[in-house]
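Before I ask anything, here is the structure I am working with.
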Amino acid sequence: MRGVLVGRFQPFHRGHLELIRAVRRRSPKERLLVVIGSAEQAFTWSNPFTAGERFEMIERALAEAHLAEVAVVPVVDISRHALWVRYLEGLLPKFDRVYSHNPLTVLLFRRAGYPTESPPLIARAKLEGVRIRDRLARGLDVRSLVPPAVADYLQEIRATERLAALRPSERRRRRPAKG
Amino acid sequence: MRGVLVGRFQPFHRGHLELIRAVRRRSPKERLLVVIGSAEQAFTWSNPFTAGERFEMIERALAEAHLAEVAVVPVVDISRHALWVRYLEGLLPKFDRVYSHNPLTVLLFRRAGYPTESPPLIARAKLEGVRIRDRLARGLDVRSLVPPAVADYLQEIRATERLAALRPSERRRRRPAKG
Amino acid sequence: MRGVLVGRFQPFHRGHLELIRAVRRRSPKERLLVVIGSAEQAFTWSNPFTAGERFEMIERALAEAHLAEVAVVPVVDISRHALWVRYLEGLLPKFDRVYSHNPLTVLLFRRAGYPTESPPLIARAKLEGVRIRDRLARGLDVRSLVPPAVADYLQEIRATERLAALRPSERRRRRPAKG
Amino acid sequence: MRGVLVGRFQPFHRGHLELIRAVRRRSPKERLLVVIGSAEQAFTWSNPFTAGERFEMIERALAEAHLAEVAVVPVVDISRHALWVRYLEGLLPKFDRVYSHNPLTVLLFRRAGYPTESPPLIARAKLEGVRIRDRLARGLDVRSLVPPAVADYLQEIRATERLAALRPSERRRRRPAKG
Amino acid sequence: MRGVLVGRFQPFHRGHLELIRAVRRRSPKERLLVVIGSAEQAFTWSNPFTAGERFEMIERALAEAHLAEVAVVPVVDISRHALWVRYLEGLLPKFDRVYSHNPLTVLLFRRAGYPTESPPLIARAKLEGVRIRDRLARGLDVRSLVPPAVADYLQEIRATERLAALRPSERRRRRPAKG
Amino acid sequence: MRGVLVGRFQPFHRGHLELIRAVRRRSPKERLLVVIGSAEQAFTWSNPFTAGERFEMIERALAEAHLAEVAVVPVVDISRHALWVRYLEGLLPKFDRVYSHNPLTVLLFRRAGYPTESPPLIARAKLEGVRIRDRLARGLDVRSLVPPAVADYLQEIRATERLAALRPSERRRRRPAKG
């Protein structure tokens, strides 16, 4: 039995960690594989961190939480949604179940016959991604929102400086063109 | 004499069908080729249906309307507008005239020396694409807007469920980041 | 019932035409769809003709042979074999059977559950592709190998001149590097 | 000593020209290389002009201003920000300094160890790009905003007509979907 | 301390396994990460198995050999060699050392400042890849060349049938064109 | 009047330099633009040097030969031959004439209506590319084949070491598979 947790993890936060902990508690024998989606994206407001940085965050947070034996695989996007599940099947070992809250991800895996679960914890997590980035950009504390190891890592890579540079200006938010 | 009708057909609706009928009536000898643009796009709010599904819709609607001998060709996007007409020329048999209401399509074909026509029917059609998707997403009836065969097909592939999952949330409409 | 004939048609020749005729005779109600593969390839020794030129050849040959109602669809390659069948399914209306002699094409469609057929005529045809190109490059007659309409078209687009320019030199055949 | 000025130049305007003049005055021995970014983009509202047209504008404006020995290199985008500086390093001769006002460009070059400068003139220039396009789309005069040679060239290529066709409609500005 | 072993693993064989065992013995604290290169390649003679199948082979062979805590990451090729190391750095957590016998891989990592090792076992392994595929294609036994778990898996996925279909014909080996 | 010289310049050698000198002598007013083709290719046997390195070679050789005012533009390949000329037209300022000895380049530009010239010097040059790489790989002197500045530069970037690593082995030359 293997479950796949699909996310972008920009950044990896407490919601993600709680979800992994919950899956582990419920089915201790289930092998868990974390897919870091949009792995080629970095240095944008929606995807500020490289896949390598996100990999590092996840690894450190899992070690800190003594959650061993979780595999992590960064996956570069394929631009065609209709092929995405088949593409993942061609990259990963066989899996049986998918955890995600993204409606498109859920739709695509269900059409391909996979059972999907969207635990409430991820729902909250989803909201937190952009909120955490916003707090980082404004130099506010995020320690209550991410695992301690991630908070340290974000400081180490000077996330605040990066997010501040990537944040869309007020002006750009109001205009359609990016000119 | 061959005319090319370029569209995305998300979905194929009465406006498109009326246009084909009008061209047929006006110049019965003109061979007509329908280009399904953005063929690689699917499972997004703007492009919910695969090219294969759109091909199926068009085929069924034309059969129902006894409009034979219309060729249908799905065409995957090329990301460079400046090359797009040459790209189409490299994929299709020789053509002489282009039907489209999209201002960019018209601009690019005119620059390449093609006569273009934007019949008023397509203009109305253009507006209908997003309106039909919106009605589908909200579970409303679309029978007055699409040919009967298309209405049946949309039910067959459970379009309402798909559109509801793909519809951007109110929250995302107001924010610039998709985070 | 719809059958799909997959090929590159460089150029379309008598073997291809005979195959289409044979399918038509055997199952007159089967709708036939010809997929022009590697549609983005052109001006190379293996793929000298654009998809548009190949489309034109097929259309003229079918008209000459009074074989109506055969759909033609050029399909741009996707670089991942493992996704190719799903990619085609996303571009075409539903089909039930595949005609091809290429071992990889047959392997991929069988894995996806499609019945495949490799009529002996195509086998011969396969051999003829490169032989016809070779004859064209050397200025020899190909009228016995291609339908009359194709022979005329090849002359019209000055195929001999093009093939002569694209033919790999003796020197390049002996060296690994393209230098 | 070589400096690289990175921009999209949609279109090349007085702010850009003044910047080049200022660099020349300050360090007459510095070789200057102008990188036309997003070179593959054209015929969109944000990037209406092809790289070739932008190259032509820059060349004419520099000749008119007697600013010789400025190299111009159009550079096609790479979709991965994290690799962009390395990608540029692989395309250009060695350079030592970067001029840009774009926060992302500055962030990426600084991380790679390059000194960057954002002269105030470019800041103003940045604002002008979209304003000039907007004026062009509405048929207003832009002679005070671009060098004379560029104004003539814009007329020559009928920029007003193009911009008017590409300008997003009011309706599209208010809706998230482009349908 | 983390070492990265880069290979294509078509298929994973005894040479690969012995190498991992040797690294483990020599530096038991070194974390090991296996990169499955050319992850998008499959169903060709050089790359017959999907990355998912190769992932599965490696996982089973490591479990059978009680070699725990080896991470596996499939990595899709980037077409530009000059950017490849930076691309890997953007996908993986920080690493310190690279194991590979491929001269290009070694060259690129050395230029980027990484220590590289090419243990003799991999050299032998390299030769074995094509030899094992050749034996599979001819229906010969490969049990002495691959770990038992891999031998079973190859049977499970009917590797012989696949390799036989993908093997280039004698004729194609002698001709330059693939016609 | 502007002429474009298209080549890969792996490396830039005396044949190339002589050609530029000859064009300058014959038509002193012709502006010359050197296109470095396959700019994204590097670290392969056929294309060992990055576009940036080739740019540097050309710049140094031209300076040494007092051939001023030759523009250099690296151009990343587009995978579709049928669109290549239009793609170049979209990147470069208007040009009137093309210098190349590559039969495909000549064929494509002629079809697009450009006058092309293949001076005998380039023919010889073409042969020299692979011969120079071969000599470099074997540690032999190339001073008689390349301009002095290029010979120095090749030493500076340790070309011999790189070429030796990239040279295909005897074994690979005899086998079809690269496995």
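Labels for the chains are A, B, C, D, E and F, by order of writing; each one numbers its residues from 1.
One rule holds for everything that comes next: a contact is a pair of C-beta atoms (placed from the backbone, for glycine too) under 8 Å apart; a residue touches a chain by one contact, two chains touch by 3 or more.
This one's a predicted model, so the numbers in the text were calculated from it and none came from an experiment.
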Numbering shared by both copies at the chain C-chain B contact, with half separating same from different: same
Winner on C-beta contact pairs when A-E is weighed against B-F: A-E
Same-interface partner of A-D, chosen from the options B-C, A-B or A-E, over half of the pairs matching: A-B
Cα-centroid distance, chain B relative to chain D, in whole angstrom: 35
Centre-to-centre distance between chain E and chain D (centres being mean Cα positions), rounded to whole Å: 45
Per-residue overlap in chain B, given as positions that touch at least 2 other chains: 40, 42, 50, 80, 82, 90
Listing of all chain pairs that touch each other, if any do: A-B, A-C, A-D, A-E, B-C, B-D, B-F, C-E, C-F, D-E, D-F, E-F
Chain D contact footprint on chain B (complex, rising order): 10, 45-46, 79-82, 103-104, 106-108, 129-130, 133, 168, 172-173
Chain C - residues contacting chain B, complex: 39-40, 42, 50-52, 55-56, 59, 71-74, 76, 89-94
Interface residues, chain E side, partner chain D - complex: 80, 82-83, 86-87, 90
Of all residues in chain A, those that touch chain D in their complex: 40-44, 50, 162, 165-166, 175-179
